[in-house]
Structures are given as C-alpha cells and as structure tokens.
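My questions all concern the structure below.
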Amino acid sequence: MNTLDFDQGNTIIRTKDLSVAYGEKTAVSKISMEIERNTVTAFIGPSGCGKSTFLRSLNRMNDLIPSCRVTGSIEIDGIEINDSNVNIEGLRQLVGMVFQRANPFFKSIYENIALAPRYHGIRSKAELDEIVEQSLRKAALWDEVKDRLKESALALSGGQQQRLCIARAIAMQPSILLLDEPASALDPISTMKVEELISELKDEYTIVIVTHNLHQAARISDKTAFFLMGELIEMNETSILFTSPAQKQTEDYITGKFG
Amino acid sequence: GSNNAATPQQEQPKTDSSAPAPADSNKPAEPAANEPVTAVGSTALQPLVEQAAKDFMSKNSGTQIQVQGGGSGTGLSQVASGAASIGNSDIFAEEKDGIPAQELVDHKVAVVGMAAVANPQVGVDNLTKEQLIGIFTGKITNWKEVGGADVKVTLVNRPKSSGTRAVFHQFALDGNEEAEGITEDSSGTVRKIISETPGAIGYLALSYLNESVKALKLDGVEANKDNIVTNKYPVWAYEHMYTKGEPAGTTKAFLDYIMGDEVQGKTVVETGFIPVTEMKVERDAQGNVTQK
Amino acid sequence: MRAKTIDRIATYVLTGIAVLIIAVLVGLLGFILTNGWHKLTFDFITSPPDLLKAGGGVGPQLFNSLYLLVLTMLISLPLGLGAGIYMAEYAPNNRITQSIRLCIEVLSSLPSIVVGLFGLLVFVTMTGWGYSLMSGALALTVFNLPLLVRISEDAIRNVPKSQKEASFALGISKWRTVVTVLLPAALPGIVTGAILASGRVFGEAAALLFTAGMSSPDLIFHDFNLDSPTSPLNPFRPAETLAVHIWKVNTEGLTPDARDVADGAAAILVLAVLLFNLGARWFGTWLFKKMTSVTR
Amino acid sequence: MNRQGSDGMTMIEKNVGRQQHRLARDKSYLQSKLLKPNKKQSLENFFGKAIAMSCAALLLIAVISIIYFIASKGLSTFFVNQVSIVDFLTGLKWDPEGEPALFGAFSFILGSFLVTVLAALVAAPLGIGAAIFMNEIYPTFGKKFVKPVIELLVGIPSVVYGYVGLTVLVPFIRERFEVLGFSLLAGGLVLALMILPTITSVATDAIEAVPQDMRNAARALGATRWQTIWHVVLHGALPGCLTAIVLGMARAFGEALAVQMVIGNTSKLPESIFDPISTLTSAITLNMGNTIQGTAYNNALWSLALLLLLMSLFFIMILRILGRKKLDNR
Amino acid sequence: MNTLDFDQGNTIIRTKDLSVAYGEKTAVSKISMEIERNTVTAFIGPSGCGKSTFLRSLNRMNDLIPSCRVTGSIEIDGIEINDSNVNIEGLRQLVGMVFQRANPFFKSIYENIALAPRYHGIRSKAELDEIVEQSLRKAALWDEVKDRLKESALALSGGQQQRLCIARAIAMQPSILLLDEPASALDPISTMKVEELISELKDEYTIVIVTHNLHQAARISDKTAFFLMGELIEMNETSILFTSPAQKQTEDYITGKFG
C-alpha cells in the first residue's frame, strides 16, 4: 500500500510554478522545487513568508480552506497530486503532517495514536498496541505516558502534546513526513530526540521540515530552502547555503540572526 | 362590523373618556366610562358577546368592555373569584362542582341547539334515540346496522369537561356513557374531521352546520329553531352570562343591552344562536322543562 | 478502498437527508404561502378583523405580535444574558449551580400551556393587570428565558479560554473581561439564539391564550397616551396576537372566510418571521464586525 | 555617546537620571498599585457579579414558583382529593366526572412517551444529519440557504403545524394505510417536523464549536471526510448533539396544540402506530378551560402537568448520565 | 544618585517554598527564588517541568484554574501577592504576561493594543494612538500593520500574532514582564528584534522569560534558572551557569542539547 514506484529517479516531490492564494492575497508565488527521496529538506524564512502554505499544499491540506486556490503543478513520484483522480486520503497517508500548533484529538492518548492505523485497516488489538507503543517510543514520549494511555491527551503539557502529534503521524507509516515547526514548543532534550529521530527516519522517509531555528536546520537537513515574501529565494545543500549563500537576501537573513 | 365601532371614537377622541358617556334614554342603568367590564369564559359564546360589546362601545363611547375566551370553567371561576365582571358559560353554574352557584346571578342570553352530525356518505339522515345511543356507546359499529352504507362508525367526541358534551350526554344520550373515540374541543375542528373522515359522527352547535356535514334528525325531528323553542327537539342549552350578585353600572347596562331587541333580534341570530326571548319553554339546572 | 466507499455512501445519505428536509420544509412553506398568498393585500394587513362577515383583516394582531415580541425581548434578553453570564463565568461548581442548571432544563421543557396557566394565576389575577400585553410578555419571558440563558452561556463558554487569559493578564477586571472580550466574541452565537427564541415567541399561542387574551381593542394608532386602552403602545391593554388569532378563527371562527383569514394570517406570520430573521442576521453580522473587526 | 541631549545633559546622564527616577518611582508605584484597593475595579466586579447573580436568582425564583405552583396544585389530587397515586399512574380509565370518579392517567403517560420517542427517533438522525451536511459537506450552500430556512421554521406557530398535519398528513395516512389517520404516527411526524429545526440548529452550533485544528489533524492522517466526521467531529460535538436532542424532546413533550390536532385524543391504549392516542398535554389543553379551579377534576389536570414535568425531568436525567459517560471516554 | 533609596536591596520578586499543584499532581514543588530589579531572568528546563506554572503564579494567573492550589509565599517588592488585600488587577497590570501560544483578541489590531490602556484610564484618542504606535514599534510590528490597524488581528500570521501579544503587554507599561516562550513561533529576524527589545527594556522593566532556546537564554539573560520535574535545580549568573554549572543535571541538560 505504502510502497511507491521507485524506478522514477531520485526526485520524489517536484513542484512547478506553484502558486497559492488566499482569496486575493498571494501567499506563495510560482515556486518550482525538487525534493529528493530520503533526504531532509528544511524550509527557512521570516514569519508570514509562506512556508506553511507551501508545505500544506504538498498533501492538499489547503483543499480544506475554501478561499484557497492552488495553481501550478505538484508531482509526487511523477504523479500530479492535484489531479481529480488522485485519492486524497491515500495521498495524506503517504504524506504525513505535523502542525505548528499541537492539535491532539479530544480523546485518550491511546486513541490519538490508534485512530489512523485503525482507519487504514488495522483492527487487531495487539497490533494496535504495538503500533501505539512504537510510535510513542519513537517520539520520545513513551516513558512519560505509558501509565496513562487512557487519559485525555489534553492533560499533557504543550511539548508533550506536540510530541504526541508527531507520534500520531508516525503511526500511519507515511513515506513523506511534513513537519511544520514541530520543535518550536519542545525543550532541548525532546528536540534532540526528535532531531535524532528525524535523522533515523531519513533512510525510510523523505522529510520536509519548516523551522525557525537555523541551528536546527543546519544540524539536521541535507538541503535548505530559503523563502521570502512567498518566493523561493534560494535552495541548496545545507552546508553550502549556510556557508556561502548565493543570494544577498539569504546572507542577510542568516547572519541577521546573530546581528 | 368593527370599522363602525372605531369611527365614532376617532371622531371624539379622549376628551370624553373621563366624563360620563351620554346615556341612551332607553337604558335603565347608566354605563360608567371609568369602569371597564371584563366578560370571560365560553369560547362558543365569545363571538356573540364580542360583537355585542363592539356595538355597545360604539354606542356608548368611553366605555370599555373586554371579552375573552378561556372556557366555561375559567369564566365561572373568574366571576366567582371576582376577577371578571361577567362569566360566560355554556352550562349552569350548578352543574359544576366547586362553584358557589348561589352567589352568582344567571343571565340566560341565548339558546344553542345541537345536532348529531355525520359524514354525508354514511347514507343515513335520521336516527332513533336508541340507534344514536347505540352508536355513541359503541354497541353499533357499522352504519349498515342502522340502514346506511357499509362503513365503520368513527366517533368524534368532545372532551369530558365540555359543556356541549354535557348537553348532548344529558339530552341526546339520556346519560348513557359514550365509548372512547376521537376527542376534539373546537367546533371548527370537529366539523372538519367529520366532513373528511368516512363514517364519522359527532355533534355540533347549529351555528357550525354547513353543507360539508350532514345533520341527522333525531326520532324524525329536525334540529331547527322551530322545534327547539317548543322543546320538540330536546338537545339544546342556554348560554349564560353570570355576574357575582346583581349587576350594576356598565355591567348591568351591557347585560340589558344584550337582552334588548337589538341584540336578541339581530346579533344573536347572526351568530347562530336562538334568541332566548323567543323560547316557549323554560328549563332549569336539573333539566326540568316548564312551559312559559 | 472500503473507507472511501463508506465515505461516498455517507455523503449521499447526508445529502439525501438535507434534500429531504429542504423538500419537506420548502413544501411546508410553499403550502402556507400559496394558501395565504391571495390574502396578502394592504387592506388585509392593516384592517381590523370582522367577527361575523367576510372581509376582516389582521392589522391589530400583526401589530400586537410585533409589539409583544419587542416587550418580551426587552425583558428576557437582559435577564437571559445576565443569567447566562452568571452560569458561564461566576457560578461556582456546586450543588446550587447544578440545581439551577436542572431548573433551566426543566423550565425549558415546561409545556407552554402550563406557563400560560401560571401566568393567568400570577400575572393576570394576582397583579390585577388583567389580560394584557405585560402579562403576556412576562409569561413568554418565563418560557423564553431558559433558551436564552442556555444560548448565552454556551456562546460565552465557547469563546476560547486563551481570550480570557489574555484579558486577565492585562489586569482587566473580570466583569470588564466579560463585557469587552467575551461578549463580543460570543455575540454571533447569542444573536442566533435570540433569533430562535424570537421565532418561538412570535409563533406562540398556547401561553398567550390565558395571559395576553383573545381579543384586541380597536387600536387608534395616533393615540400615544400610554394609559389609554386604545393606545397601541399601552402595555396594559389586552392583545390578541397573530398566532392566537389563527387559533381562534380556526377553532371558533364564525365568519365564512375563517379558513382564508387563517391562511392569510399564517402566511403573514411566516413572512414576518422571515423578515425578522433576515434583519436579525444582518444586524448580528454587522454588530460582530463592528465589535470584533473580524469579517466572516 | 557624548551627543548632547535636548536639555543639555549627555545621553549617559539622561539615562542614569531616567533610571533613578524610574527606580524611585517603581518602589512606591509598585506598592501603591499592589495595595491600593482599586475602588472602580472592585465596584465594577461587585456590580457585575451582582447583576449576573440577580438575573440567575430571578430565574431560580421563577422556576421555584412555577414548580411550587404546579406541585401544590398537582399534589392536591392525592392529598386533598385522596386519589391513590398508584391508581393515577396505572389506571386505564379516565372518568373524572363519573360515579365514582376515576383518574387513570396511564394512557396519557404512554401516549406522551410514545409520541415523543417517535418524534425523536425521526428527527434526531435527520436533524444531526442536516447539521453535519451544513457544516462538513456543503458549508456554503448549507449556511447560506439551509440554515436560514430551518431557523425560519422555528417561528412557524404550532397551530400552523397542526393545521398542515390535519390537512395533509392525516388524509395521507388515512388513504395510504386505510386507517383512521388520526394516530400516533401523525403526531410523531408532526412533532418530528417541529423539533427538527431545534435539533438542527443546536447540533450545528455544537459541530461548529469543534476546533478546525481537529479536522485538519484527522484529514492529515488520511482520514476520509466521513471518518473525520464520525470519529472527530461528532465525538467532539456529542454533548452538544445530546443537548440538541434533549431540547427537541423537551419541546415535543410540552407541545400541545399541534399534537392535539392530529392524534385523535382517544384515551385508549394504542395497539399500533396507526391508532389514535392521547397525551398529557392534550388532556390538559382539552379540559383545563372547562373545569373549575379547585375541583378534583381541575387538580387532576394539574397532576398531569406535574407528571409532565417529572417525566421530562426523567428524560433530562437519562441524557445527562449518557452525556457524562460519553464525556469520560474523551 | 544620592537620592536613591538603595537600602531595601535590589530584589523585586522573592518566592519562598512555592508549590503549585493541579489537583493531586504537584507541578512546582517548594521553589525559593529571588529575582532582581531590572534584570532578565531566563527559565530553562525540559517540557513539563513546571516553568510555565511557576511563571503563571507570579501574576496569579493560576487563580483561573479551579483545580490549582498555590502554597508558600511570593513577595513582589516586599508585598505578599497572595494576600487577600492585594489588588489582583493592579498586580496583573504591574506584571505583564505574554503566553506560549499567541492569543490575540477577536478584535482589530488597534483594539488589541488599546484595550488595556483604555481600561486603565487613558481615554484620549491621541494618547491611545501614540501608545498603540509606540507599542507596535517596540514589538517590531508597526511597519507590517500600520496600514491595517482596523483589520482583525486574527488575519495575521502566527508570528505576527505573537508579536502583537508582546506589543499588547508593553502597552500596559508594566514593571515586570513575564514571557512564556515568546519567540517560539517567531522567525529569526523577529526573534532578534524581540531579543534586542528585551535588552532595551531591561533598564525599565524586570523581565522573566521561559525559553527552550538555550542560545537565546545565553544571549539575553543576566541570570538563568534551571528547572527539572517541578524543582529548581540551579540558578545563577547566566555566564556561570552555562560555563560551569554546579549540578550534574544542569550540565547534562546543557550539553545534551548538542549531544
């Protein structure tokens, strides 16, 4: 179910002239980008520059916003995902997402994790238990919650909630993982664990992460894309982009941080 | 109509609302403007009283007469407790438990006749009393048993507390208990149901009869004014307006007005009642009939 | 792709439900409006009813309905809002609050006829006002209040907690937080609720039979003396509303056109409720924009 | 750094001066702020609370007086007129003016119960379904068209519903099923139509209150729209939906005029849903105006009202317990 | 210089054996701490360790949570703030707070800022305009929103919303400013601006900031407090704490970040 057709070369996501507008307001304009399989790509850029919007169009979450119009093309593994014959649920299962704000369901911790696997056909209790435990372990949350899996997820602290959301996405066993500032509410230890996890998952998944933490981007990503005012200014190997950016704006931004 | 009721008041606004109204020379009692009269109770009697009140007010500008429904029970309770000046009732106060009938003064203002009414398709236009009782007590369940079409009998009753039912129960059914059936309170609804339901039978005040339903003769006697005033047709009742003690002031003037020729001769007839003044017999609360 | 199939079936079923409801509702509205359409003349809407002959109108009744609605809302909205605020923000979590809550639910399930009889005993008889607009408005308040309380409470509770926190953190007192932060955000919900409540008030008949009365004096519309029994604005005069009038002509009406009058009155009632709804909706949106600057 | 400030001081001097001033001010300022009993604020809070509380208190008074009124009237059947409670609740014969007077209200109780349950069974799935449709399936059309139409229907007076039921539904049932027409079924359907708007609007509000974040999360997990609705939206909106049903049932329970016009008002036990029935409300409305206050008959009607109150209380309780159970699962 | 009354010491906030529990669960246990006037104090520690809870008790925001019980003493300028004679509104006006999650009012941008000053007695339009502009400037938001002050604050992006909340707190002219991860949703440029702002405000305000970004703590704070499982493990000059922590746990945490 999850296995993509691998003979298409190494590019897994390819956008071409992708623009996204909310009503009259263009949030992302004409971005063309290629993302390679099993890499970590970081999106950086100032607040409001359209990183989240771009990310959300990769699994068609923008479909849910009525005013939102997407133009241009997005191919995942050579398949245009905005085509009408694409199975959106299948797409979203393949392309997992964790949001900027933690959004656990009004359900127990266990149910939060088990929901998606159950949707996707896993019924056996033992199997679900296993998935829940594994996902929570990967998200570095297991030890903290193992004794209260039946309690409401809303009783967790902000950071715990966010890690729960990551665990929830992992439980679906996606191929691509979109992370919208997953660590902005996490403490360094959890952040470190998540960063480790991301590096670990790299062999299995393609990961795209939005972050405000340039250190984090530098530490974990293979490639970095710098956005400004809805445009993609520069995208390159992380080491190159951070050491010798091609664009003045990128340099300003990177050094500005420590100005 | 109501338009003429409003016009005179508009012509002489407010100024005379404090002064006593010019009295009609025929009137023994003088209506006082500052004493509003409330007549509450029977919904059946309400149209007559309301129309009479309108005419009365337009003749005696400045007087206020409020007419409200609520049911005979409400009317009797309210007049007995002093909350209303007049209690309108379909039945004798003596027939209701819990009413100090001796404190109330009865003014019989009209007579209402009632007829057993059936769906036009039953194929019967006369019933003997035995047949009628048989039908209403549930012993006769098909119209063919009384010589009509082969349709099931559907009873349309009035609520147990209703004055109409009490009259019908007493004078048409001779006190035999009705079987359970559809129960509706309002004449309009009863008429509608009877006209639409095959095999339906019920009873209505004469004023509500029209071509959509068929009034049945009782023992060959038609329910009409001529037969009622002589009690040849026995299913009728008085409409009462009770006061607590002897009426005075505007209340008395209004009651006198209703008993006068103008109302008895016109409004009473128009609203489908029989003028009490034309009755050749009298009936008391126990049902004893005496010739006038 | 079982989930997908279920999703499609569910969509069809839900759409079917919506279509069914719309069909029934449109049929109902159509029935009422087409039956009453021919009566909707200026004369019918403005002239007083006739008791015996055909050709009467419903002018005073229409005015009474509107005026009674205004009176009821003037009384019940502040009370409902106040109690809603109390329940949402001040009520301690204890037995008393629980019982208030229970009382509200019980009150909202009271049959309106019982409220009417209560009104007859207390407002009509005990206060000596007689059958009057005020008695009617108070009876309607009794039966309207639980709905308004529940609606305001829910609307206030539904405002995210972070709004309250933000306001408190600015040193703003609780009352002012409620008034300046929570209420504006809760307003659309409250307005929706008030619309619902007004609809009920407008169409209520049973509770009014015994309180506002079943007859109306001939109103003199230029009479502004509040004491005068013929002044339209006098709150202590009896007043038959449109809904009561429908009931009356339906049940005991003697005029040959009773059916027509009822049809026409029902159509007017439906149209009035429609206009009122649209107005309130527009007003609610306008107010929300005004108070929160949020366009929705 | 050594630029001149406007009043002749250097920047440093100015800064130091400002700091001194600030510190000096801070001490007294802080303490005064902290300890000053702020009259305006506490008054405001006091009055706010007082206003809100008196509204709630008024509500309580209204409720208590009504309950007292109904209970005192309704209980006098048993304590003044010496009718046995058991006979009242289980008796099959209702003949308050007979000899002896019989007060068996079981058929009314059963009728009210049946008609309400039938109405809820029809209206709850339809109303909640419509609410889901309006919020989740087709929001633009739903909010712009369906919702206003449904809200408009709340305003239609019950007499009109009753009249439409009488002229359309009853004949339809009569011809379609070859029965009388006046029936439990007709009453249930008319009531279902009447409570549909209530259920729909309240359920809509509840569904709207579920945060968009939740839907996003579920959709991002590849849940279909229906799965999102079923597991996330309805789960979150459940208390609200139950409230909607309670409100609807309460309305159905208390409704008088419309039901009375279509159920036939026969105080016999129904054998099928095509049989005419009688309800507590119809018994009250049919007889209340014709009976004399203080008589056994009148008191018995108040007992019916009291019963009505107790029965809705019973429903409220059941749903509360249900609601609490569901909430715990969250 | 000689006019200043320095004999009261420089401590503005002093807690003693402060414990906070949510129902049965203790979130903060017996913390004693002193915070000096006109300094920046950073709270660090893993997620769920009670930083927010401690912070919230400093302006009695915990009063709002019914299950929450606070024991021990908190003195601000020598006054016990949990005493019944303390004016809570005054306290909160003195002790401004910005939350982890941006929570603008459902009002216009202008109204968001002007609400508190107006409540606290400023009525003149000109004065309010001035306050709004100054606050937005200080929060580095003025240029972005000056043309749409009448628009809803909810239309702003996450980062903009958070800066708005900072502006809103500043507009109240508090003496103490509590910031609960104010920059976790901000991009580096805004973060930098906010950090600069914090350093600037230091001479006027006493600032307490919760942060997960140890760099940030190191850059801006004078003192740093390290929390773990509801306890205060160590508090010291920032330079000392980060270079030679006294406790093993502190060291683990600080270095763990880069483990």
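Residue numbering begins at 1 within each chain, and the chains themselves are lettered A, B, C, D and E in the order written.
Heads up, the rule we're going with is that contacts are C-beta pairs under 8 Å (C-beta built on N, C-alpha and C of every residue); 3 or more make two chains touch, one makes a residue touch a chain.
These numbers were taken from a predicted model, which means no experiment stands behind them.
**Q** Touching both chain D and chain E: give me those chains, sorted by label.
**A** Looking at chain E and chain D together, the chains touching each of them are A, C.
**Q** Farthest chain from chain A, going by mean C-alpha coordinates, please.
**A** Chain B.
**Q** Of the chains present, which has its C-alpha mean closest to the combined C-alpha mean?
**A** D
**Q** Report the inter-chain centroid distance for chain A and chain E in whole angstrom, where each centroid is the mean of the CA atoms.
**A** Taking the average C-alpha coordinate of chain A and of chain E, the gap between them is 30 Å.
**Q** Could you please state the distance in Å, as a whole number, between where the Cα atoms of chain A are centred and where those of chain B are centred?
**A** So the centroids are 82 Å from each other.
**Q** Averaging over Cα atoms per chain, report the distance between chain C and chain E in Å.
**A** That gives a centre separation of 48 Å.
**Q** Taking each chain's centre as the mean position of its Cα atoms, how many Å separate chain B from chain C?
**A** 35
**Q** Mark out which residues of chain B touch at least two other chains, giving numbers and ranges.
**A** In chain B, the residues touching two or more other chains are 43, 69-70, 74, 185, 189.
**Q** In chain A, which residues are in touch with two or more of the other chains?
**A** Residues 89, 101, 119-120.
**Q** Could you say which residues in chain C touch two or more other chains, in rising order?
**A** Within chain C, residues 3-4, 173, 176, 250 contact more than one other chain.
**Q** So which chains end up touching which?
**A** Contact pairs between chains: A-C, A-D, A-E, B-C, B-D, C-D, C-E, D-E.
**Q** Enumerate the contact residues on chain E facing chain A in the complex.
**A** Those in contact with chain A are residues 44-49, 52, 100-101, 144, 156-160, 181, 184-192, 212-215, 253, 256-259.
**Q** List the residues on chain C that touch chain E in their complex, please.
**A** Against chain E, the touching part of chain C is residues 93, 159-160, 162-173, 176, 180-181, 184-185, 291-295.
**Q** Tell me, which parts of chain C touch chain D in their complex?
**A** 3-4, 6-7, 10-11, 13-15, 17-18, 20-22, 24-26, 28-29, 31-32, 78-83, 85-87, 89-91, 100, 102-115, 117-118, 121-122, 142, 145-146, 149-150, 154, 158, 173-176, 178-179, 189, 192, 195-196, 198-200, 202-206, 243, 246-247, 250, 262, 266, 269-270, 273-274, 276-278, 281
**Q** Taking the touch rule as given, give the residues of chain E at its contact with chain D in the complex, in rising order.
**A** Residue list for chain E touching chain D: 1, 3-5, 8, 12, 37-38, 76-79, 81, 85-87, 89-91, 93-94, 175, 203-204.
**Q** Would you tell me which residues of chain D are touching chain B in their complex?
**A** Those in contact with chain B are residues 94-98, 166, 170-171, 174, 180-182, 260-261, 264-268, 276, 278, 285-298.
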